[in-house]
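Next up: the structures, one after another.
Consider the two complexes below, in which chain A is the common component and chain B and chain C are the respective partners.
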Partner chain A sequence: MNPRYLLLALVLILGLAPLALPPYYVTLLNYIGLYALVVLGLVLLTGVGGMTSFGQAAFVGLGAYTSAYLTTAEQLPAWLAWAGSSPWLSLLVGVILTASVALLLGALTLKLSGHYLPLGTIAWGLSLYYLFGTLESLGGHTGVSGLPSISLFGLLLDKGEKIFYLIWVILLVAIVITQNLLNSREGRAIRALKGGQLMAESMGVNTFRSKMVIFVISAVFAAISGWLYAHTQRFVNPTPFGLNMGIDYLFMALIGGVSSVWGALLGAGILTMLKQWLQDLLPHLLGNTGNYETIVFGVLIVLLMQRAPGGLWPMLVGWLPARWKMRRAAPAVDLNAAALPRRELPAHGQKILEALHVTKRFGGLVANNDMSLAVHSGEILALIGPNGAGKSTLFNQLSGVDTPTSGDVLFMGRKVNGLSSRQVAHMGLSRTFQHVKLLPEMSVLENVAIGAHLRGRQGVMAAALHLERREEAELLNEARRQLERVGLGDCLYEQAGSLALGQQRILEIARALCADPCLLLLDEPAAGLRLKEKEALGVLLSRLRSEGMAILLVEHDMDFVMGLVDRVVVMEFGQRIAQGLPEDVQKDPAVLEAYLGGVE
Partner chain B sequence: MSSAMINTAMAVPAAPNVQPRNLVSDAVLEIRDLSVAYGKVEALSNASLSVGKGQIVTVIGPNGAGKTTLLSAIMGVLGSRGQVHFDGSLEGLPEVEVMVARGLGLVPEKRELFTSMSVADNLLLGAFQRHRRGERDYSATLKEVYDLFPRLWERREQLAATLSGGERQMLAVGRALMAKPKLLMLDEPSLGLAPLITREIFRIISALREQGVSILLVEQNARAALRVADYAYVLETGQIAMQGPAKQLADDPRVIEAYLGLASKHQEMLAT
Partner chain C sequence: MNFQIAMLLGQDGMTNGAIYALLALSILLVFTVTRILLIPQGEFVTYGALTMATLQAGQPTALIWLLLGLTLIDCLLDLWAAARANRAFAFPKRILFKLGYALLIAGLIRTLPLAELPMAIQALLTLALVVPLGPQIYRLVFQPIASASSLVLLIVSIAVHVSMVGIALLLFGPEGARTAPFSEAGLELGPVTFNSQTLWVLAVSLGLIVGLYLFFERTLYGKALRATAVNRMGARLMGISPTLAGKSTFLLAALIGTLSGILIAPITTLYFDSGFIISLKGFVGAIIGGLVSYPAAALGALAVGLIEAFSMFWASTYKEIIVFTLIIPFLLWRSLTRRHVEEEE
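Our next item is the complex of A and B:
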């Protein structure tokens, strides 16, 4: 059974609904569609991107008021006169205006972290609401009336059961576009925003841009919903665009399932129906009128969040028979997809990375003191030393995650201290992390494909329309190839979080290789691996070395290190205490004393 | 691993005259036919194992074999099928809170410290169940833990987030010890630790056993683990593939081939 049939059935039922249902229910369905469009944007923003917004209702208002003003104003400025002639033209203006406002607000607020971002959205949500109410030309709190109906191919959509089709077609298209986008290279970058920003930046993802993309998309969805609303009601006033509605939209997302696209529809449907139903029922039960539905509603939300914190949609999916769910698995790999072009590796023995007198202070603590080292192509260099010696700190400075207090880091002769990890990734450095950083809910394949982010070119539009399928197939095929190379070819479609910790570390190596780097920084790659796995890793790293890759690794397994690497640098208390060939370093009394032990 | 390998590789042959190990009368932990499934995938199938009082038992095996799953199921973090006898009575389905209260401790693979709390507070939280039961003598245990890990005493006021890898592991073990467990389960205690600290950890494991704490150990340094352990199990693709006294397994050619290797002079040193 294919879920596509379910979608087909849904479309069919929707198509017949206005013919079969009384007008009251058609109106309700219209509202559900309008709300769902806004909530869809919120799913993208909050559920997928991890940015909570209370301000979506303001964007709805922006779309509604722009169109209301343009289509009803008696005298428009000459340069704008064209926009008043049809709701479709005013939609265009509304979308452009909303996108611009979103860009501006995004630039101001998206850098905020933690609870400051939601607070920021409340702030501009309130501001826009009061703006609508205060501006004389927008009718103040009385609002604007007499809006024209939308006409489509000469058909005037002046009744609920007519505009119904427009609303639901737009909603379904928006759902498909959103799903397409999430299921692409740009989509993986967006999905990495929640909990994987440091990792994504190290793979070359511009996380701020990804945030901005979903912020603008969610604002535009809201604006289109507002436009539809305005021309369905043919009247607007500020009330439905206030903070209360902004909170209701969030509720809908929570009820339906904040991270599932179809949850938006479910949440909007349930909240709308429930409100109507409670409003009718409660006065009968309690014997007098009042806003009891809000109280009952609050209780229901609390109960729901306890029973199904992920929302209702994931719960429904959980009840589906397993064979249906098989089809929901991550996109399959096309084995015939062309190989991606590769970077030309520098000549053997060339100096790739050099740290010169790098010092890093955290307040009074000197984590790295005058550290110097160099890595050449076709060489494996090990950095060893006791826990807390400053190895990971040095790694962070080499890879652009952190900036040295003094000293320089040169990559292929270019100074890179001060550059971001994204820029360093661009130049050909790829790394793994001491504490595994992956997206546990995403498939193994998609996690690794994030590593190939910089090897794709296609943008958000192409992804939304799925015009980038060839490139996408190439990226996924590359991810598969790297996974097979590291020995994880059997678990492409498993959730990354379900792998054992040692396998997750290997996954990180595949992800790093997917970037086609010329320098690999591996932070404890063999930790938690067993003998055979270590042997396989050793073989892989040797092969990469012979291909001309430069590798710098931190590792505590001395049997693994001493049998594999070309040179060793030993650190203690932030400084270098020894360096040289493995056999020499192992005999060095200072190293034995500080690290290896063996002198009693 | 094929079933043929399981049959031939049993270090303890299943002959009728040999007393099966799961009849050890003084076992602190005994599990029978324990299975765990993630959806349709069975991560652990019909595993039986026991830990005698005052014993160190180790489980070795490749990544993804189900070692962490096994510990999680015993602890009650994961749902399972089968029987878990702990300290003489049967747990239908282990529940974390109950298991902790009854004297089972787990030091998880990822340590899971309360990073925004001080070292001392982390340790005190380890005695939470004892406090709840009305025991107020845990300051004595706290002193024991500080004696065992002088470094934690030095850093008692520091936030756990600021500790180095080795200190974090010490804190995780110390926190578990605060509950005065009858059985301590250690998941990869040496993960990410430098050789000297790893040796220290192994010494501590041996010292704990001297104090009568039973230990179930999952450890990447298989050779060192077999040196400190009394008994060992090999877990492969969710099943117990081999078992036997640790010394015997350490000399078993198949174990050497698959898990110990020959050239491992550095690992050899870890358990000295």
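Our next item is the complex of A and C:
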């Protein structure tokens, strides 16, 4: 069954609802819509980006109070007077204000590790709440009343069943925008935030920017919801913007299913209905009135997290018969899309990467001592050595993940130590990881397309409105081309996590190639590969070499290394003990001693 | 502001700061050992204070039902686990101990003339009632998801907080409570009079901090907990049970929280929902300490208490705003001194 029909049915039902339902339910639906808009932002932030916020209610409050103040104040400062004339203008001010606050708070907390953000959100959520309650000009705890209704094309939306349409249209537009954004180049970067930040940075993604993008979007959704709320109620006071509501928003997202856009709607619906029902029921059971529904909510969340941490939406989808299921619309490749422009590869034999006397100390431990090596274009250099020799440490310093204590790393003659892995990626270095780093839930094609991140230009706005479809098609086509090149052309649409380990390593090479690099750093590419796969990998690497690519690889499989590479550098205890042609290195006494022990 | 007022505010700030410091330490302890940010820490404070007040009013507190209920669920889970185990069914004998304890306390609460008891006995009874909730909550809520991501743990922690506030409203009612002071005497030092309760708070806090220090430096259990905090997997391989570590830290957290509640109940009126703000101020202290350093967290929490007291004087309505915006400069500082991209665990 086509998901479009379901969506159409939903729109139809919603469109008719106010005509058929009594006003009480229309009001309830209005609330569900308002809440779902906030929760949608949380799905983006928490479910997709892996960041938790308890402060969304404060953003709702910012939107609501900005509009309330501007549209009711008797004397606005002259430079702001224009904003008080219509709720639409005050919405603009509210959104700008909220986005600025979100940018400031994001700058403070988003670079920090996981739990600072939620704690930070709790703190400023409370601060803003108290601020609403304290500021005289915002009416203190009594609030602001007498807000005008919103008018649209001359139609005054002064009744619940009229504003209903505005609320739900805005919500549906927000859902569409969110889904568009997630299915794009920017969206892939955002989806990599949860569990793939190191990898994404190495592919040139600015993860901080991606975090900021979804943080601001979620804040703006919340502010718009607040604006709608304020002009639906035509009255605001601090209570609905307190931390308790912030917690409720998060609970809605969790109950519905925090990783899916429709979970937001489901969660907002369930929690709102449940709250109504419990508020009627519990006082009867317990004999006196109070907010006892919180007990049930708390226990419910605990059980949910223990039993079904994914929320209810994935469970519901799981129960549906297979043919009904909305196949996650994996973007298909347009084979006719134009090829992306390519980097001009340096002339054959030119020095690409050079390490000069690189030393790395971790406290007293010297992991790399005075290491020097050079890689030229059209050459494969192998870095070998026993376990613990410091190969991966050196790799990290070459690729910008780590900085040498002393010594220099030169890339195309430019000093790169101290630069981030993102900047190094920009210059044409691409790498794979010793422990495979990919996004298991995403399709193979999309995983590889992350590699092409730097070859696209279109930003968030274009993605949200799907104005970048041509570039997107080109990026995906490039990913397909690279996948076919490495021999994974048959599993474009499979989940990356379902591949065998060897295939996942190959996928990483395709991803690295997608960046169109001039230097490829491969960390144990042949580990876990079967013989045939190894042979194919050898052929691929030889072909890349003949095209002029420079390749540096760390590898333990000596048969693979010795038959393939041009030169070998051998490390032991952080130092270079030998370098040269494979056959010479094999006879080197120092190497023999390192690998086999001394000759007695 | 003259010297007199400054001393008074300072005293106030020190008292609150000492409590925040205790909470910050316990929050930090729980976090490092279990990765759980214990938001419900403040609920132990209110449970302690309100239970003490109920006992002093001579009423058998309804809290005993919560204790009995949780004990019962705990025992049933034990039985269930024993029945599902592969080996032959072995009756888990600790059930008898757990049930016996809960029934004994229930019996005591029902029969003793609560209002006439000496204050020390009332305080002991309060501890006996509230502290077991700590390990029970760990057992029922966190143990099944001990290996979940820290964000899941945080969310569950919030959920527990939300439930506990609701339960507090159910058990203790919406009225605030204040208990009788430990002693009436005050200490006069020159022009300044120290409130005796302030001295109590400072003395007990100091005692607890020294006690914790000794526990962690000198005893095997303490060292085991520290080992768990440093490296969970390593500690586990050395035979330290993560479950035991979790339960003991929750026990300590509940003990510290309840004791704090008993200590401040004579000075501050606490309501069923006061715990959150209190523990958040402990969190501000812990964040100032970077969620790693115990002395920095304690000092940070003390500073929070003092700043709170003085901002009450200068800008009383903005008190909470000032305290909670306080963490922003620290977050900024941390954010600027950090440079690497972090991988999620």
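We take it that the second predicted complex is superposed on the first by the 582 of 600 C-alpha atoms of A that agree within 3 Å, B and C clash if a C-alpha of one lies under 4 Å from a C-alpha of the other, contacts with A are read in each partner's own complex, and residues count from 1 in each chain.
Please note the rule applied: contacts are C-beta pairs under 8 Å (C-beta built on N, C-alpha and C of every residue); 3 or more make two chains touch, one makes a residue touch a chain.
This is a predicted model, so every value here is computed, not measured.
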Touched partner set for A:Leu286, first chain B, second chain C, both or neither: second
Partner chain(s) touched by A:Arg530 [first = chain B, second = chain C, both, neither]: first
First, second, both or neither for A:Ser498, with chain B first and chain C second: first
Partner chain in contact with A:Gly388 - chain B first, chain C second, else both or neither: first
Partner chain(s) touched by A:Gly580 [first = chain B, second = chain C, both, neither]: neither
Touching partner for A:Glu201 - first (chain B), second (chain C), both, neither: second
Which superposed partner A:Gly310 touches (first chain B, second chain C, both, neither): neither
First (chain B), second (chain C), both or neither touched by A:Val302: second
Per-residue touch tally on chain A - higher for chain B or for chain C: C
Set intersection of chain A contacts, chain C complex versus chain B complex: none
Complex contacts: residues of chain A adjacent to chain C: 46, 50, 52, 54, 107-109, 111-116, 118-120, 122-124, 126-127, 130-131, 134, 194-195, 197-198, 201, 207, 243, 247, 250-251, 254, 286, 290-295, 297-302, 305-306, 309, 420-421
In the complex, chain B residues that touch chain A: 38-40, 60-65, 67-68, 109-110, 164-167, 188, 191-199, 220, 222, 258-261, 263-267, 269
Residue ranges of chain C in contact with chain A within the complex: 37, 141, 144-145, 148, 150-152, 154-156, 158-167, 169-170, 174, 276-277, 280, 283-284, 287, 291, 317-318, 320-321, 324-325, 327-328, 331-332, 334-335, 338, 341-344
Complex interface listing, chain A residues touching chain B: 322, 384-388, 434, 498-503, 524, 527-533, 535, 556-559, 562-563, 594-598
